[in-house]
Every structure is written in structure tokens, then in C-alpha cells.
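Each of the next two complexes has chain A plus one other chain: chain B in the first, chain C in the second.
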Partner chain A sequence: MTQTQLRQPLTMTATGGELRIANVRKSYGNSRGVESVSIDVRPGEFLTMLGPSGSGKTTTLNLVAGFLDPDEGSITLDGKELSGVPPHLRGIGMVFQQYALFPHMTIEENVDYPLRVRKIHRAERKSLVAAALELVQLTDYAKRKPSELSGGQQQRVALARAFVFKPRLLLMDEPLGALDKKLREAMQIEITRICRELGATVVYVTHDQEEALAMSDRIAIYNAGRIEQLGTAEDLYKRPETLFVADFVGESTVIKGSYAKGALVHHGRSLSTQGAHGSVAEGSAAAVVIRPEDLTVVPATQTAAIPEALNTLEATVTKCVYLGQSRKCLLTTATGLVINARIPLHAPPELFNPGDSATVTWDPANSVLVPSD
Partner chain B sequence: MIEEMTPPTKTLPAPSRRSPSRSPWTALIWPGLVFMALLFILPFIQTAVRALTDPGPQNFAIFFTDPVYSRSLITTFVTALFVAVVALAIAYPYAYIMYAAPKAMTAVMMVLVLLPFFTSLLVRTYAWTVWLQETGIINSALLNLGVIEEPLQLMRNTLGVTIGMTHALLPFMVFPIYSSMLRIQPDLVPAARTLGATPALAFRTVFLPLSLPGVMSGFLIVFVMSLGYYVTPALLGSPRDSMMSELVVNQIEQQIQFGTGSAIGIVLLVLTLAILFAGTRIISFKDIVTGGRP
Partner chain C sequence: MTRNIPLGLKIFGGVVGMLLIMPTLVVIPMSFSASPLLKFPPEGFSLHWYGVFFTDPLWSSAALRSIQIAALTTVLSLLLGTGTALAMIRGRFRGKSPIQVLILSPIIMPIVVLAVGLYFVYSDWKILGSVGGLVLAHTVIAYPLVYISLSTALKALDSKLEDASASLGASKAYTFRRITLPLITPGLLTGALFAFTMSWDELILSIFLTGPTVKTLPVVMWDQVQTELSPTLAVAATIVMLVTIVLIMCALLIGTRRKALKP
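This part shows the complex of A and B:
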């Protein structure tokens, strides 16, 4: 029952471990869990798994925590193979979406639980619990029961309980999913601060892209049991590698066609991809992705001033929403393509009323070329 | 005590936010209240009056003068305690398997435990005599196999009573425990595991304590219901070690002593209420009825 072999030196900051997930596959009967997932999480890194519901994020986390065994592939923590090691011997901290605090124990007893289980000396436990509660700023609540705390406070207790025993790795599965938006934003900052202070390696799961962008060092984009792309927020936004990532992260305009001789042919119209990020095979189905801030919208009457090197498309304004700093506008071309653009507030008024004709232009160097289906 | 009762419902409707007195549905409580008043409270008052006046309070003296009655008091409590303990020992693992098993298996186990409710208590009790009597199925089988030389005394004693009553009362133990297990948040045991607890330790420190309200309410319900059981002890029990309910019947049907019979009934009721009250020191009455809804 004691895990002396896993006991780490007890200082309040832990050095984060290195997690390697290599070609892991897991299915539930004939339903897909994850197919071939590989991620290397660096020591001390805050890595987020972002993706739609059912894409395999929780399955991956449960494989790492030891609640599931992979059908194939390997998971190692600091070079040690984890498969076959039961959850209680992995020394991995986990924060659950519904907090999972023990309702029959006080806050203090909850945080003390992993230390008590490890048969750590009483005096040492006391000081560790106190330090953990202080870090999550809940010292005054030590003697209360979880039901007497708000959702945000309960989640902080869950966090304290998950790191008090100095795990090499912290897993969090949509820990803020049950909180309202305002509290969620405050907790994002709080969790990031605590994890930085601890120096822990964190694998964080969310389906909220703003949350992922705000908190993470790197983000793994999940789709249908696979990782589509792994990179920094900027990588994913500026240099998406697949159509799914381009579509899922941030807003964009996606123009589909076939790629030939440095241009995308879209409904007979050749759009230059000169200098665009990404490459696809000659003659293959491809798409050009442009972020709203890289598009310029001008009235149909002012096209003469547009430089030759830029791409242009004629479109009709269908809808504009006032956003404060600019207007978010949707335009439609004759081919049915929907364009997502920002129009400055000082733009001529004939640009943002439904039915207005406009020309959309962009520099091909600011677009991204991705394979299409 | 009533012997047949529907099992405690697993889920009660959430309490209304509106003040109950203003809801039009409150009117629905009246038929129930009238029913209880006419068929329970009035007869109870009548019984109490009878115990004190027919011919007088000396009816109660029987407990001090005739050792049969004081012994019966002990027999009744020991048997009820025995039944509750045995039922708990069977019901907890049963409820846990029901909780952990796949859906189809849970449904089958649910029906099995409910079966006693679909058959008459009398029929069920006679069925037990077919199994337990000296020439019954168990004894014949063991004799034929040569395991025993003489038939075992399986009924007409506390063993028979315990077997019959445990079987009859098992649902009242299984359901509160099962429903209190269902209310345990499913993440708690996995959380304990990640925090370093072995499966056994996670069970002992997290799952078991959180299922205790169901255990306590099941135990109390079975114990209290056992105190008033009549048919099973009468058919499976020893004629020498009567339970109190048997003495009541004896006083009224054989001796035609309504006063003494009433006095025994009142003593049983008062002791039962005292136990229920003591029980509520540990667990609230609402929890006894609902199996510890948070």
C-alpha cells in the first residue's frame, strides 16, 4: 500500500516529468477511442488537447492515468514504460471536470488524502497541506466541507489535492467546464499561475479554443481520434496544416479548388498562391485559407487601385455585425463561397449594408495552402 | 407492523421550489391523511385505551410476572437483530454487484430481489418449509448423499425464522443500499486511485463511507420490520421461543384476552419507536426513508 518507491523528495516545487505517447491506439469494442496518437510533452510544459467532443481527448487522458490500457503503442513517463502500472502507482495527479472532491471529508482532509495514503509523517503532511492550500488561496476554508464551497473554490481544492503529493505530471480534463464564463476566465489565469509556480508538466483538455489559446505552451488539435496538428497557438493560427485545423482554430475564409502551377483554380478562376504557407501536390484538391484580418474589402467601384499581385474576388455583403473596433462581415460570391472579413469602422457606408457589392482582395503571401478532400 | 410494503422508491421527485402550502397539489395529501387517521391512528388509540382499561393497567404486569413474556421480548429483539445482520451481509455485496455489473445483469438482479413482492408471504413461507423440514428437500438430499445420518433441524428454531425473514426482508436492505451507491459520484473512486489508493483502500476510504447512509437506513428498516413479523415466525419458528407478535395472537385468539394482547402490542410499538428514535440520532428520519439522499 505504501509507494515508497514512488516517493519524491518533498519540496513544494516539483520538476515536471517528460511524457511520451507513441503511436497509441485504443478502441472500445468496435467503437473508436483513439487511433495512433503520438505526443511528446516536454518537462514543465503546459500542453493542451483541444478538439470537438468525442474526438478522443478523455480517452488519451485515461490511457495516461492508467484507467485504460492501450491496444497498441507505448506511454512513458521519464523514460519508464507506464503500461501495466496501476493508476495508484503512476504518481500522476488528475483534476476531474466535476471536481471529484470527497464529500465526507473536509477540505484539509481531501488535500491530505494522497499524503495519508502514502503514509507520510504527520508533521510533514501538515506543512504540505498548509502550503498547498496557501498556493490556491484557500487557507481559511481548511475545516469546511466541499459542499460549503463555490464551484471555483472546489476546483481549486481539487487542484491542490492533485499537486500536493508532487506528481511529475498533472492531468486536467475540462476542469473549468462546469463553471460560468467569467469565473472560467479568472480560473484560467489562476491555474496557469499555479502550474508555473509548481513547474509541473501539465496535460490539459478542453473543447474551448479561447481557453486553449490563453493557457497553453503548445496545443494538440484532436479530430476523430487523431491529432491533426501539434504546435503553438501562433503555429496553429498562422500555419494550419490541415483544413480541419484552419477551420477549427479561429475564424477564416476557406476557398476550395484544385492546385495547378502555383495557383488554386476555384470555379474556373485562378487565384495565386505565390508565397503562401504550405504546399500540396500538383493537380490535387486543395484549399486556400485566409484569416479575416488579412482580407481587405473595397467598394466594387474602387478596384482600379488594387495592385496586380493581389488576388481579387467579387462578392455581395450578406450580413454585418458591429464589434466595437470593426465590423464583422459575411460576403457571398456568385459561386456561393462565404467570405468572412473585417471591415474598418471608417469604411464607406455603402460597404456594410446587405446587398452592397464589394471586391475582396488579399496578398497570396498571407494565405495558407492546405490539402482538401 | 405491516408485513407487506412496496420497496422504497429509488428516486423521489425533486422538492418543489414553491412553498408546498400554496401548491394545488397539496390537496392530494388529504385522502392519505384521512386513510391513516381512520385505519391507523384511531385503532391505535383504541388499542392503547384497551390495554389500560380492560380490565386495567395491570395488563402490563404480565411482563414482570410471566417469564414467557420477558423471554419473548429478548427473543424478538435478538431475532430481529440477527435478521438485520444476515440481510446486511447478503445485501451489501448483492447491491454492489448490481451497481458494478453491466445494465442487463443489473436488471436481472433487480427482478430477482423483487420477486418476493410478487408472491404471497404465506406461500413463500410454506415454500421454505418444503425446503427446510425434516423430510424436506435439503435434508433428503443430504441424507441421500450420505453427508448426514440424521436430518438437520433447519426450522422450528431461530435458524428457520432467520432464513425465512431474511429472504422476505432482503429487498428492504438491498434497495436503500443500492440507491445510496447510485448517488456516489462516479469520479470519486478513480480520483482516489490517481491520488495513490489501491482499489481496496479506495473502496474502504471513499466508497464504503459514502454508502453508509443506505446501510443504516436498510438496517433500521429491516430491524424494525422484523420486530413485528408474525407469519414467518409462526410457521418456521420454535413454538417454545415465541416472538411477541405470536403472543399477541395467542392472547387474542386463544385466551380471548384483548387487554393483555393490546398491552403486548403497545410495548412492542413503544420499543420500536424508541429504536427508531435512537436511530434518528445517527441518521435523519428522512434519510431512513430515502436511503440518504443528500
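This part shows the complex of A and C:
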């Protein structure tokens, strides 16, 4: 495949490419990289890969970028098979975690680099670089060296350099990982804005849940070299399909047991799953997942008012943290189960001191049923 | 960095340094001697022996020969050293540590042993006393220095920069020219200076491997010390020393500039 076939004319505004990763597997000698990963990324979509460290996110990106070759499976961009195409002919922009700016070049020269490589006419290069630097608000820094910029500024240069040649696909590997929290939040907004303006398809990697929720159209949850679930933030939060996703996204309470006749049996206690989302096989190991905001905590003395249809568990408050709008509380049951709940500020004061007895209740229709191991 | 060193130790270090360097420095006044005899302290002052050095073909051609051999050694060492360093740092293959030991062995090996070995090989190949043979021999001991200086530079170079360059559309060759090479140039220059210096004042291999027609400056000095002790010898020593000092200073300067450039 020639360079011109894969490159899109630079006069056009970038339109997002369609990336298809199908059944891709990659191992490093004896150690697993990714096993059978499949994702379809829609044109113009902002898709995030979220998962713990070592789960195969970087490996997937490197396979797409062409720094690694898959052992099996296929990766196509706009219908063209990418395997066998060297990285420099793929026309995919990439932003690295440690910026990877060229230290011997000025900011301007860094951003100009992909354009020079493509032998674009000088005048056009100049205006493209100027436009890119303006988009990341670094026009005044054009003549400086990367070492003279702060981390956030360097990352914006890396971003400008990655999109200035209008790639159809932009890959970002934990681009904000090296920044402090405040800057990270500002950059999340910045990156989302720039990507929307560009219209490019973006595959973004992070291990920060909030970042993924804040930025993405869809999120792929990675675990141990596989994708556990792919969906919108709401899908993952409200309708997790596996125990891992339920546990990883949000701060849910997970109650394990075995499933029988529309209820979960947890240490001899039958908890209704009537109307719960998800289904598991009769008699199998299962877990009920409940979001903190779906749990109600009442003092042990006021259990009489609880409707019949709700599930209840007796627990002891172990810790409460004041959060402004509510208190975040941890409770423990006699069986050792840890419950994560929010208690409103106006709740009776005997509820949020360690050692207080309470009853936790929830509507089974608000819980999620997932298979357990 | 010198902040934490006590004054007494500084003085002690200075004295030891002076004592070590003194014998080297005596050749400078001796080279300006007005008497035909080489002795210390020198008698009178004249530039006569500098004139002899630059006009007597024995000396001047040896000096030119030394420059030629050092230059060729530098070029050959750079090619070999760069190639080896790139293969060792960027390549993916097994058994790197034994190969590394092999590459560095000429530095550890007694040079006189190498000289004897090469002497027999060269006489068999009939290249004793040739410029090529001498360049080859000097390269054996000079290129590990280039290798060390380059592999250090390559190790310090973030390979992500090369990945980034590829993702921006640059071929391997383009990336090498625009990214890798500029970033390892200080290492390359340092290596070149060390290689040149190594060949420039090399005596042992040269004694064994030079012939009557091809002689380097150190070999002529060695000959002269045993036959005729004229102050021209001091002139030669001064010149050898000056060139070496200038080259080492350049290498140090590159080293400090490189450090200053790091963020």
C-alpha cells in the first residue's frame, strides 16, 4: 500500500475513520498481552479503554498503531486491512503518556514535523502549524524548546503534533497520567473540545474511571487481556454484565451467594431479585450489585416502616466521611459483608457514628444480578 | 559538586595532581632550549628546534602520518562502533552480554599481547609496516571507546521518540536522520575524539607493526630517545601533548553541554 492511498488530503477537514478490531490476540513470549479483543469504533466516536494496569490497553493501541503485529485476528481502518502496513504509512496519530516531544526541536518544529515528512508546501505548513498551535492555545510558545514548557503545555503540543496532519484516527495512551489532578481535569475538557472540533475518531486509554466517564462516548472495560463490557457510561454503571465491571465502575456493594427461585441466597438469607437487571442460571453462583444511591439506611429501631417488598440487611456503621451533600458510609454485616452507602445529611444522628446499628434496605428492582465465580 | 569536599582534601588533591603532571610539563621549557643537548633545566631560549621539527622530513612526515592514521582510525571506529552500538541497543537477539564482553575485551587485554599476535598475523598477511595494517590495529583498541560512548547516548535516547516519529509518518531512514542522529551527535563526537586521541599517542602496537617507511610520531620519538637526544624530541612531546589536551578538552566540553541541555 502506498503512502498516498492511506493518507487523506490535507485540505479536507478530518473526518473520523472507522476502526475494526476483530478477534485480535497478542502474546509476548509466554506472557499474555491481549486475548481475543474485538471492538468496532464508529467514525467520529470517542472510545475509551478503561481497565487496571497490565490488562492489555497499551498492547491494543500498539497493535493498532503498528508497533506490534497481532498473532491472530485483523485490524482494519475504513475497511483496509492494516496488518503488514508499517506504522509510518498508517496515517494514525498517536499521543504518548510521556509526551515524546523531540527535545532538539522547538514547539513549532515539533508540530511541523509530520507536515515536513509529508513534503507539504511551506506556506501551507506554516498556516496549518499556526492553526494547530492556536487550537491548543500555545501560539506564544512556538519558538520555545519542549524543556521550557510545563507538563500540561507539553501534552498540548503532543496533541497538536498528533492532529496537525489530520489523521482519521487519533490514539492516546494515558495522555494525562503524568499530570496532577487539577490540571488533569482541565485537560480532559480541553481534549474533549479539541477532538469534537476535529471530528476525528479517538481511541483513548486510561485507568482513571472518572476520566473515562467524563470524556467518552463509549467505554471498553478491560480485564486480564479481554474486554469485559463495551458500552456507554450509563450502560456500564446501571447495567454491568459481569462482576468485574460492577466492581470496577462506581462504588457498588457486591453481595455474593447462589441464585435460586428469583432470589439470591447469601449466608442463609434470601434476598429478592424481583425485577433486577440481568439474569443468571438457576442454582449458579451469582452476585447482586447495588449502587450506593439505591441503598437506604435506617436506624435499627425504625425497621417497622420498611415495606414488605424491599430487601433488608442488618449492619453496623464502621466509618462515615462527610462529603458536603451527603455522608459516604461503610457498614459491615455480621457475615463480614461490606456495604457502601450514602446517608443524607438530615438523617438521624445515631446513624453515622462508628458502632451504630442500622438496617440497610433496597428495592430489588434497582439491583443488578451478575454471574459470580 | 565540589561544594562538599573539605579544603584540606582539595589541597592534597591539587598537590598530587601537580606531582603527576609535572614530569609531563617539563618538556615544554625543554622544547625552547637554545642548546643542542636535551637536558633539564634547559639552557637559553630559542625556537630553533620547532623549526627543525617542521622542516626535517623525519619529524614532519611522521607527524603527518600520525594525523593520517588517527583520522582513518577515527572514521573506521565510528562506522564500526555506531553499527555495533545500534545493533546491541536497538536489536532484539539473545546472548548480548557475552557479545558485549567480546566488544570491550580489547580495552582489558594487555596491548603488548595484542601487538605480538597482530605482528605474526600481519607478517603472514604481508601487511606489516602498512598504513592500512596500522589503522586496523588502532581501530581494534579505539572502537570500543566509540561503542561505549555511543551505546550510552543510545540508551539515554527514549525509543518512544522513534515510535512517535514513525506515527507522524516518518520512515526508518528519515527518523534516523532527523531524530536519532541529532540526539546522539554529542556521543558520536565524544567517541570520535577519544578514538583519535587513542591512535594519536599509541606506541606499543605501532612499534611492533610499523616498518622503516611508515612511522608514526610516537615511534619516531621512541627511536630518537635511543639514538640521538636532541631538543626536537621535547618539541614533538609538547606537540603530542597539546593536541591531546585540546581534544580531551573538546570532549569534556561536549559532555558538559550535553548535560546542560537535559531538562
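Note that the second predicted complex is superposed on the first by the 365 of 373 C-alpha atoms of A that agree within 3 Å, B and C clash if a C-alpha of one lies under 4 Å from a C-alpha of the other, contacts with A are read in each partner's own complex, and residues count from 1 in each chain.
By definition in this document, a contact is a pair of C-beta atoms (placed from the backbone, for glycine too) under 8 Å apart; a residue touches a chain by one contact, two chains touch by 3 or more.
Remember, predicted model here, so these are calculated numbers, not experimental data.
*Asks:* Based on the superposition on chain A, does the combination of chain B and chain C result in a clash or a fit?
*Replies:* clash
*Asks:* May I ask you to decide whether A:Y113 touches chain B, chain C, both, or neither, giving the answer as first, second, both or neither?
*Replies:* both
*Asks:* In the overlay, answer first, second, both or neither for which of chain B and chain C A:P364 touches.
*Replies:* In the superposition, A:P364 contacts neither chain B nor chain C.
*Asks:* Of the two partner chains, chain B (first) and chain C (second), which one does A:P70 touch, if any: first, second, both, or neither?
*Replies:* neither
*Asks:* Based on the superposed arrangement, let me know which partner A:H88 touches: chain B (first), chain C (second), both, or neither?
*Replies:* In the superposed model, A:H88 contacts both chain B and chain C.
*Asks:* Under the contact rule defined above, give the chain A residues that sit at the interface with chain B and also at the interface with chain C.
*Replies:* Of chain A, residues 3, 65-67, 86-88, 90-94, 96, 98, 100, 102-104, 113-114, 117-118, 147, 161-162, 165 contact chain B in one complex and chain C in the other.
*Asks:* Where on chain B does chain A make contact in their complex?
*Replies:* Contact set of chain B toward chain A: 185, 187-188, 190-198, 201-202, 205-206, 209-210, 294.
*Asks:* Under the definition above, what is the set of chain A residues touching chain B in their complex?
*Replies:* By the definition above, chain A touches chain B via 1, 3, 65-67, 86-88, 90-94, 96-98, 100, 102-104, 113-114, 117-118, 147, 161-162, 165, 171.
*Asks:* Quick one: in the complex, what on chain A touches chain C?
*Replies:* 3, 7, 65-67, 86-94, 96, 98, 100-104, 113-114, 117-118, 146-147, 161-162, 165
*Asks:* If you look only at chain C, which of its residues touch chain A in the complex?
*Replies:* For chain C paired with chain A, touching residues are 158, 160-161, 163-172, 174, 178-179, 182-183, 261-263.
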